[in-house]
Structure formats: structure tokens, C-alpha cells
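First chain written, first letter: the chains are A, B, C and D, and each begins at residue 1.
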Amino acid sequence: MTDLLASLRYEDWILHALIWLPLVGMAHVVVSSPERAKNLAFAWSSIVFVLSLGLWWGYEPGGGGFMLESSTPWIESWGVSYALGVDGISVFMVMLTTFTSAIAILGSFEYVKTRRKAFYALMLLLETGVLGVFLATDIFLFYVFFELTLVPMYFIVGIWGGERRIYAAVKFFLYTAVGSLLMLVAILYMYFGGGAGSFGYEAFLNADLSLREQLWLFAAFALAFGIKVPVFPLHTWLPDAHVEAPTPGSVILAAVLLKMGTYGFMRFLLPFFPGAAQHPTVVAVMLVLGVVGIIYAAWVAAVQPDAKKLVAYTSVAHMGFVVIGIFALTLNGLQGGMVVMISHGISTGALFLLLGMMYERRHTRLIEDFGGLGRAAPLFATAFVITALASIGLPGTSGFVGEFLALLGTFETHAVAAIVAATGVVFAAYYMLPMVQRVLFNRLDNPENRKFPDLSRREVVILAPMVALMIGIGVHPTPILERMEPSVQLVLERVEGAGATLGTASAGPSDGGPPGYVGDAGPGAQVPVPATAARED
Amino acid sequence: MLTPALLLSAALFVIGTLGVIVRRNAIIIFLCIELQLNAVNLAFVALSRYTGIEGQLYVFFVMTVAAAEAAVGLAIIISIFRHYETVNVNKFNVLKW
Amino acid sequence: MTDILFILFAVVAVGGAVGVVVGRSPVASLLFMVATLASVAGIYVLFEAHFLAAIQVLVYAGAIMVLFLFVIMLLNLGHDYRADLRYGSWSLLSLVVVGLTAGVLMQGFSGDTGAALLENGATVAAAIDAAVIEKGAVGVIADPLFTDYVVAFELMGLLLLVAIVAAVVLAKPRGAGEG
Amino acid sequence: MTGVTTVESAVTALAGTPPLTAPPLAVQEAASWEPVLPGLIVLLPLLGFAINGFLALRAAAVSSAAVRSGSEWDPFAGAATPATHRLPTLVGPGVMLIAFVLALLNFIGMPDDLQEPVVRSYWSWIATGDLRIEAALQLDQLSAVMMLVVTGVGFLIHVFSVGYMKNDVGYPRYFSYLNLFVFFMLVLVMGSGYATMFVGWEGVGLCSYLLIGYWFSDREKSDAGKKAFIVNRIGDVGFLLAMFLIYQAFGTFDFGEVFAGAEGGLATGGATVTAITLLLMLGAAGKSAQVPLHVWLPDAMAGPTPVSALIHAATMVTAGVYMVARSSVLYALAPVSQAIVAGVGVLTALIAATIAIQQYDIKKVLAYSTVSQLGFMFLAAGIGAFTAAIFHLVTHAFFKALLFLGAGAVIHSMHHAAHHAERHLDEQDMRNMGGLRKYMPLTCALMWIATLAIAGIWPFAGFFSKDEIIWYTAAWAGAESNPFGALYAVYWGVALITALMTAFYMTRLMIMTFHGANRTGAAGAAHLHEAPPVMTLPLIALAALSVFGGWINVPEALQASFAGLFGALPMSEWLHHWLEPVTHAAAEIQVAGFGEAAYSAPLGGGEVTWALVSTVAAALTVAVSARLLGTRKYVAAAADSGPRAGLGRVLHDKWYFDEAYDAVIVRPLLRLSRWCWRFIDDVIIDGFVNTTAQFARLAGWIMSLFQTGQVNMYAFVLTVGVLLVLGTTVFLR
């Protein structure tokens, strides 16, 4: 496989192809007829997906830095360049994006009946935007793509959405725009005030910032990404957007767009502002928000009458695990956060697809309108149960690996947060099982539900790979973990390396400890603690 | 002679402005705008004696733009008149938020 | 002599301008406007801008004003004078604001900013006069127009073309383009 | 790995002694033993699940098509049963039989002197940084015993199910779940570390959920499944947190490394080990239905009866006991946790036994009996008698499976009767039974064997295992430096009383079901019948095991007495010696901490005396209560609503645990959730967001006042603007 890729000079063109092929597809869709639009869009997104698969072999986890880098000056006078690259963190986000885009387009065949050309064109535009976000290594370019994703999503929700689609679309747009504008200010500050001098990733990494500056800039970035994630008090746009969005919109929103936030945490927030990221208050705030998100969202999810809103809230809970995993600042935590991101993308994406199938058949999303579907549609029920179990993190599914690692990593440095967050495991069952029961089990007493058709062949084709991935990643996540590890480790080293110098200077938490103590310590660094505990006895 | 010419230009300009504000007939408003343009032209010409020939060139450009504007503006007025049967600017306010 | 002519033209121009604003019918306003334009052309001559003066008369007073006249006659306007001019507090307020503007402008123009300008005014004027003698009144404009300002000139041409097309499209009755 | 070395070096530095390193000499010889296809044992049930699952989906496609067209599909109505319903009969029990044979081969082949577990690693499950979790199976004496129980009893129950579930539409689905359960259970008992064990741990919880709610169209049954899952998950959080602590302390999840690290690196009674063990106990309490997390198990009886036998009696619920026994080293290091585990166990045993006395549903009685017996196992595990715990686990698996399957046969029979009865008949209510001995004599006889076994009457299996637990409680109560000696003495007393209560409620069950007058009604009674051979054969096998199963661990002190038939019974303390490699470390720690156990009861007397006392007391209880209850008149369920007031009512209503949880936890949580949604989300957060939007709208409205649509106005404002700009430039120059 590697030889084949080398003979195709894969590494020279793949990143550019990934970004621009969906746009070519969009043009193709625009000039085609509405009837052919869906097939064309699926074909193009499938091509992109197949091409992205090569990254599995084409990406070599080396030192953890960017691979397949390329850079062309774009706006030279500002130091902006068209710079792309992929590392262990983004490679799986890219593959997740290409995968879910193709699946979402396939899943929208029956759902979208009006303005089909525009819809599929926007879906492909969205794919370009998201891939650009994950692949850009120039901050300016990143920002352009980050904002670009807003536009198609706004229209997808606003045109093909439900009854309150305008409210939801505007809320979604404004919420995210507010955050990203603050981030723009922060970026410009780093460019002008921080002495970055160019918009390159390395230049920003080396920006010279005092702890005070870091804290402010951190806040601006964290707000932008925190809204995207969404972190607890900033989450209310998500349920509205999810409920109103058409199925494929929800799928992309949950599977990919939310990940841009946590990806931003890992890619930009931690390495750019290591001092702030290690500041005890900041860490405490982020952990508390993450933990509150996990539990609060689970509670709220449990009482939702609307199945789609329920799943939307579960997204908040899941992303809470990512947030605590990231801000625990341990390898296991960050790795776990990454796996939760991937797992949530697949399982929640699948849940939204399943809910979409329910809606297509019954034109309602209220849980109470269903019941006993297990008898009428066994295949559907099987897929639903497996997906729900993956979502609540049953061992053997992808959800468990992520949540386990995230909690484990959090426990290493912040045991209390992990203990509270672990109760989220119970609450996950508390919101998911009643829904499963009220939809699939109980009496099949509604005559409408008796006629509920089982999965069609197309729907099986959509769900089968997702179910396979959920179980596959749950059973053997190591190939993914080992590909991510160097890059995650690099992020961690940057935080800890810079934090050590800053920490001693600003009399931070590591006051009194030998310089470099934090930096040297791997996950095993906490081990002396129990030894002391034993000593106490 | 520069100052009197500029003062004259200012006078013509404010009269034109007054016309734009107080008249409702779209055509007369247009005429007043032309008046303002002429006032500016006058200032350009007067100043060109002291700064160089470019002042006159600007006048040339302004005239061209004025001609184009008059053509399009009058076409719009005709088009609006067909619809509303009036050129009273108070009568067409559909663009009001 | 030039001073007397200037005063004459100025009086006619201001009178015409006032006439435009207060003219009862559009046609009257238009004719006042022509008077103003003509006297401004006269002032151009006083400033040795012969070519512009000619164009002012030919294009402005001639072509554009005739275009206005055609439109006025085409639309058969001129009967709603009372509804046309705004009276009362509105016009008072307008007068105040406009008067203030005038005052500010006068103040600005009559200040001492022009001192440096006036100093080298003689040399510039002499240079222009020399150029006029050398190239002729048209040539002195045409020379920079086709060299330094040729791009702007071309853009003007384009603008006029666009304006023509736009005018035709806008003025054409709806639905007239079909069939 | 750095974690372990750090602990060790830290401890070395502290204690001044080298950590325990040198593994026993037997390792070299043991390493030469090759287990027989351990992976296949696990894989076979999974394969069965795959095949049966596929068949189930095929069958479900047909049946759902029927549902959609408004009818019901009866796969047994046609001339030939479809393949989807014939194949599972072969596949379901078949894979179990092969797995059992393989487990038996491993058991027989396992060398006596195997000191260290044999670990087979298949792939690296989760590997990142210093964390290495292998997908590995471990074979040692303990897992071998558990494998035998799981596959052996599992096989018998699979066979029974063939008869019991014969006419169920979801037949292949049932077997697929059952196979999947066995797969996860085997992962649980064979996993080589806490993480691997957790996979099985949650997996069996899942299967329990699916099987309890097997008849998912019934709201109550799917509710029960949901309850089981959620309550189990509460325990699982404890397990998870315990794992995190273990990782922090030892840097690994692997049993071998954890125990080695604990033995050498943790002080007895330390905070870490106490926290770990208490959290593990929370997990075990969830899975093994100990107070206060026992509430799910009685509800779990909603599942098909063979499921109750396999999952909620013989195997899954014993997982907690297995886990405590597996972690014996950790528990031995934490005397406080031990006392708590034992206390929870004895409390559970008592509470469940009291409730069982007042239940009328035959399965509910057995369910509470199971909870009670699990309490005994916990008591054993808590006092450090890990062998006794496993011993009771094994014998309990035999006789409780027999009881459940017997009850299944009764229900099966009652089910047919209910179809023909003149009134609605709850087929599980003992008040509707009575006198069934006449109709199903074999079942009656076999169940009496099990009853005598569970009541602890010599020479049945339960006598040996329960007596050992009670005896060890007494023995450790008197250990010279046991800080909780007095507490242990109380446990001992309660355990004795509970044992007699067991004899009472089981006799009550037998009398109400099989003796006295029949209350089914004439029309129904005509259809009562003995179960088919496919169901009775497993019963006979289990009955044999219930009789002889206890003989694998006859205490040496008893062997020469009446209990060992004066030396005639073979295999004296066989299980004890067999499990020695697994438990000896814990035993040593315990002896080091508590001193030698006192071989006399708190009230004096030796093991033989008390064995005699307990078996005579139990036998008397059975005899007296049989006589008393036999003469009592029962009325059919329709005319009887149970005790009206007093203690009887409280017991009948299960001490109001469910009601209390509902009032204290479930309802307030729901109310809180709704409040979070309606108030925090909708009012506070969205209120803030929407107010911001309203503010922008207000500003826009104010600005729009200038948009009059009047050109003059615009020109005027424009002029004012020009005036201001000009004014500032001119005058402020």
C-alpha cells in the first residue's frame, strides 16, 4: 500500500485534493440537474473519502510534528500563506470528516426533497470548509475556513430545517460568530502585539507573551472554541440547531463541527498559551465547566420529550469528557479526549441518522409517539441499540475507550473532577435507556408504528460501516492511539516545557519544585503520591 | 480672484443643498444636485489656476459622471413614474425599513 | 473689466440658482438652471478655461439640460407645485442648517490657508498660459488626459457605456423586451 | 512500568527491606504447561452469538413483516419449523458443550503445582504512553473453577431452555443473547486484569439487560431490564474509580503486577488500598445485588426463568464474589474494607431472607433467596475465607440453578394450566399452586433435594459450603489481634439465624407449591403436567451436583466426624488446596495481621459441634415448618392480598426500598432535571442570549426611526453630518 501511494506521489497532492475536490464537486453539482445532484454529491464525497483513506498509510507517526507540509505565499505583505499539513491529531479528524460527509450525503437522499442542487452544493462546500480547518497550518487560513463553515451550515439549517429553523439558524450563526470575532481580535493581537510577525503556526507558537497576555488571549480563544464545543453555559444554541437542522445537517454538526472546538483546544489553545493553560485557576474553571457539562447535560437530556433534542444534549455531555480530558493535561486524558471525539462523531452521527429515519417514516420526533418498534423494525432496533450502547460507553465499543482514557487521565491529576465526572456514566444510562425503551420496547400500540418499515438497503449500507467502526475502535483502538500519540505528546511537551519556565518565573503552582519537574514528569509522575499515602499509614 | 470664486462656489453649493432638502419633485432634486456638482466644478477651475491643469481634468471627469448619472437617474425617474404616476419623492418610500 | 464681468456672472449664477430652488414649475427651474450654467461657463472663461467653458455650454447647458427637458415634457409634469416645496418649520430648519453650512464654508474659504497657494499662483498660471499658447486650449487638456490619466479616461468611457445600457434597460417599459 | 518501580523503590527506601520479587520456583515448570485453546473457549459462545444473532435477524425480518401487515407470525404453525428456529437448538447448547469440554480439558490438564497464572495475550487492546492494556486471558485455579461453573451450568441451562422456550417466537434471539452472555461471563472470569474483567463486567450487565427485557413489549419487563442496567452502572462507577486508583498506585491493571505491587508496596490498612477495595466493593455490590443496590435483582425475575437461573442465580450475580476473591490480596490488606464487606454481606443475607418469608411469587422467593445467599458469599469473602466464598458460589450455582429451573418447570406447567383456567391466573403466584406433587413428582423430588441443600442439611452440598462460611466467621471472630472481633461475632450470630430463616422460607415455598390442596382450579389443573425430558434431564444433573457437589471441600476437621461419614467421603479440602496458589498470599497477609484464627466459636465449641448443631437446627426447622405450614389453609391469589399490616406487610413490601429510592432519588432527580432544563437552560441562559438579541433589535428599531423613506430627510441628515465634519475641521484646525 505504501509503495502504491509512493508511486502515485500521494503525499504531494493529497492535502490540496482533499480541500479542493469537494469544491470541484460543488461546481459539478451546481451545473448538473436536480435529479442527479444527490448521486453526484455522493460520488464526489466518496472520492474524497477514499482518497483520505490513504492517510492511514501515508501518514507516518514520526516526531509528532506536521507531515506532508506545503506552504505557498498567499498575502505576502501580511505574512499569510496557504500552508497545509497534517499530524496525528488532525489526521483522524480529516478521516472522520470525509467519512461522515459521505455518510451524511447518502443519508439525506430521502430527507431532502426541495432545492436539492443547492443542498448538496452546500454540503460539499461545508466539507471543504471543515477539511480546511483541520488541515490549515496558517492561522489566517485557518480562520478563513473556520468562518467559512458557518455559511453553509447557516443555510442548511435555515432552508431545510424544521419549524423554528430561522431562529435556530440565526442563533447558531450569532453565537458562533461572536466567539470567533473575539478570536480574530486575539489572533490580530498575537500578530501585531505578540511579535508573531507572520500567520504561520510556528510563528504563533514562538510569540512572546507574558502570562497576563496569555490569560486574556486564552480567554478569547477559549470562548470561540468553547462555543463550538459547546462548553456548559454556552451550549444552548446546540439543541435548537440540532432539533431544527435536517438530518444530514445534524450529523455533520455533531460529528464534525463540534470537533472543531476541541480540535482548536488541542491545536491552538494549549500550545499557544501554555502558561495560561497550566494556570491553576484556568484549569479549575475548564474542568468544572467540563464536569458540569457532563452531568448537567445528562440530566437535561433525560427529561427531553423530543428524541433529537435528547441526543443533542448528550453531545454536550460527551464533549464534556473531551474537555476534562484535555485540561487534565495528561497523555491519557488528551488521548482519551481524541478518542471520544472520534467515537462521538461516529455514534452520535449514527444516532442522528437513525432519528432521521424515524422522522422520515413518522414525521414526528417525539419519543412518546413511538414504542414497540423492536417488533416492527428489528434491524432498525438492532442498529439503534448498538449505537445507543456505544454512545453510553459500553466496553467493547469506541465510547468506552475514549471515556475510560479521558477519565483515567483526569484522575491522574485531578481526582475529584474525575470522580464527579465518572457519575456521568450512570447518568448516561439514565438518559439513554429510557429513550431506547420508549422508542423500541414497550407495547406496539400505535397503529402507525405497526406499519413502521424496517431499514432499506441504502440505510443498511449507511449504518453498517458506522456500527462496524464503533465496535472495531472499541475492540482494537491501539492503531489509532499509536498514530495519535507522538502528536499528543508533542502538545503536552509544549505545554509543560513552556509552563515550567513560566511557572518558576511567576511563582505559579510549581513554586518550590525543581525547574523542569513538571516537564520531566510523564503520566507516571503521580505515582509517588500513593507511596506517600502508604507512608502515612 | 480666487477667494470670490470660492465664495461663489460655496454659495451655489448651499443653494443646491437647500434645493435638495426642500423640494419634493425628483427632477428638481436632480437639477439641484447638478447645481452642487457645478459649484464644485467652479472651485476646481478656480483652483486650477493656482495648482495646475489637473483641476480642469477633474472637472472633465465630473462632467462625464454627471452626464452618466443624469442618464441613469432620469431613466429611474421614468421607470418610477410609470409605476407611481408621480415624481414626488415622498410617495415612494417602500424601502423604508 | 474681469472683476465687473465676474460680479455680473456671479449675480446671474446665484440668481439662477435661487430660481432653480424656488421655481414654480420644473420647466422654470430648468431654465433658471441653464442661466446658471451659462454664467458659470462665463466664469470659466475668466479663469482661462476655454475648453471647459465650451463643454459646459455644449454638453451641460445643451445636451443634459435638454435631456431633462425631454423627461419633464415626457412625464407632463408641473402641476403640483404646492405639494412640491416644503414649507413651515421644515424649510426654516433647512435654512438654518444650510445657512450654517454656508457660514462654515465661507469661513473656511476666506481664511489664510490660501496664502502659500496664492504665492506660486502666478507661476502656475503663467505655465498654463504658456501651454495654452503652445498646444491650444484643447491640447492642454488632452495631453495629460491621454497620457497620465488615460486609464481614468477609459474607465469614463466604460462608465458612460454602462450608463447608456442601464438607462435603456430602466426606461424600457416592463415586458417590452419580450416578443 | 515506571509506576511500579517507583512504588517499589519508594517503599524499599521506606521499609529498608527489598520488595517481594522472587517468584516461586514453580514458575519454570508451570510455564511448560500449555492450556488447551483458551481463546477458543471464549470465542465459541461468541460464534454462537454471531450465528444465532444472524438467524434471529432473519427470523425477525419475517415476523416484523407479519406485524406490519397486521398479523402475527407463528413459526411453529407451519408444517415444518423454519431453519431459523431449528438451528439454534443445535448451535446454542452445542457451542456450550464444546466450551465445557475444553474447559474440562484445561481443568484436568492444569498442573497441581501451578503457582503463577498462565496468561495468553492476544492483542494490545489499549496502549498509549505508559498504559498497556492487553486483551489477554488468564488461566489459573480460580478461573478454571469459574469456567467450569459457567460453561457447565450454562450448558445445562441451555439444554433446559430448548424445552422451555420451544414455542417462543424469539427463540434464536434468546439463544443469541444467552451465548453472548456466556461470552462476556467467560471474559469476566478469564480476563487477566481489571480492565479486561471490566469488559466482561459491563458486558454481562448488558446481556442481563437484554434478557430481563427479553419480552420487551411488556412495559414492566423492559422497565426491570432498565433498572437492572442503571443500578449495575452505579456499581460500575465504583469499579471504574477503583481501577483509576489502582492505575495510579501500580501503573497497571494486570492482576499479577497489581497483586505483586500490593503485597510488597502497600501497608496493611492503608488509605489507598482501603479506598480501592471499598470502591471495588461498590462495584461488586451492584453486580451481586448487595444492600443497598439489591433492588434490581428481584425485578430481574421478569426475564425468562432459565435466564434467572443462569444469570441471576448461578453466574453473573456471583461475579462480585469472584471479583472480591480475585482481589483477595487487596482485601486482606484492608481490614476495614473486609469488615464492611462482611457486614454488607450479612446484612444483605438477613434483609433478603426476611423479605423472602413474605413473598408469594415463586420466582421472587428464589430471587430474595439468591440475594441472601450472595450475602453469605460476601460474608465469606469479607472475613477472608475466599475459598469458602468460591465454594458456596459453586454449590449455590448448582442448587439455585436447580431451584430456578424447577420453578421454571412449574411455571411452564402452570402456563399451560392458565390457558385453560376459568379465571385469570398468575402463573408464578404460589397461592395459585399447591399439590403439584401429584402432577409433577419428579420435579417435586428434585426440588426437595435443592431445598435441603440450600437449607444446609447434611450431606447435601449447601451444608458443607454454608457451614464453612459460618464456621470461618466464628473462627476469625476469635483471632487474637482482629480489631473487629466483636463485630465478627455478631456476624456469626446473624448468619446462623439467617441460615435457619433460609430453611424456613424454602420449606414454605415447597409446601405452598407442591403440597396441600391444589388451588389452580379444576379446569386448569387438568392441564398440569410433568416437564418434557429435555427439561428434566438438566434438572437431574443439577440435582446430582447438589447432592455431591459439597464433597469437593469437606473440611479436614469434619472428615473424621459424622459429616465426613467418618472418613469415607473423598476429597478432603480439595477445593481449598486447589485454590491455594490464588489465595495463599491473602491468607498469609491476614494471618500476619489478625494472628491465627481461633478454632472455636464465640460461644465455645468446635467445628464438629457447631456443624452438628446447625444441621440439626436446619433439619428441625424444615420439619417443624413443613408440619405447621402443611396444615395451614391458603386461599388462591385472587382472594388474598397478603398481610395487611405489621411486620408482615413491611416484609411483603420489601422494606420499602423501592419506594424510598423513588421518593429520595428518582423523583427529586427527575424534578431537578426538569428544573435545570426549564429554568437554567430556558430562562437563565437562553434568557440572557435572547435579551442580548432583543437589545440589538431595540437598537435597530431606534435607528430605523431615521429611515423615513423620505429623500429630503436623508439629504437633511447628510447635510447636518457634513456641517459637523466641516465645522470640526474648520474651527478646530
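The rule is short, and it goes like this: a contact is a pair of C-beta atoms (placed from the backbone, for glycine too) under 8 Å apart; a residue touches a chain by one contact, two chains touch by 3 or more.
This structure is a prediction, so every number in the text was calculated from the model and none was measured.
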*State the smallest step count from chain B to chain D, taking one step as a move to a touching chain.*
1
_Pair with more cross-chain C-beta pairs in contact, given A-D and C-D_ = A-D
*Find the geometric centre of each of chain A and chain D from their Cα atoms only, then give the gap between the two centres in Å, rounded to an integer.*
37
*What whole-number Å value describes the gap between the mean CA coordinates of chain A and chain C?*
63
*Could you state the distance in Å from the CA-based centre of chain C to that of chain D?*
98
*Starting from the mean Cα coordinates of chain A and chain B, work out the distance between those two points in Å.*
58
_Per-residue multi-chain contacts in chain C, two or more chains_ = 86, 90, 94, 97-98, 101, 105
*Going through chain B residue by residue, note those that touch at least 2 other chains and give them in order.*
17, 21-24
*By residue number and range, which residues of chain A touch two or more other chains?*
none
_How do the chains pair up in terms of touching? List each pair._
A-D, B-C, B-D, C-D
*asked:* Per the contact definition, I'd like the list of chain D residues that touch chain B in the complex.
replied: 704, 707-712, 715-716, 719
*Within their complex, state which residues of chain B touch chain C.*
1-8, 10-19, 21-25, 27-28, 30-32, 34-35, 38, 41-42, 45-54, 56-57, 59-61, 63-72, 74-79, 81-82, 86-88
*If you look only at chain A, which of its residues touch chain D in the complex?*
171, 174-175, 233, 235-237, 239, 296, 299-300, 302-304, 331-332, 335, 372, 374-379, 382, 389, 394-396, 400-401, 404-405, 407-408, 411-412, 415, 418-419, 422-423, 425-426, 428-430, 433-434, 437, 440-444, 450-454, 475-478, 481-482, 484-485, 489, 522-524, 526-531, 533-537
*So in the complex, which bits of chain B are touching chain D?*
17, 20-24, 26, 29, 89-90, 92-97
_chain D residues within the chain C interface of the complex_ = 712, 716, 719-720, 722-723, 726-727, 729-731
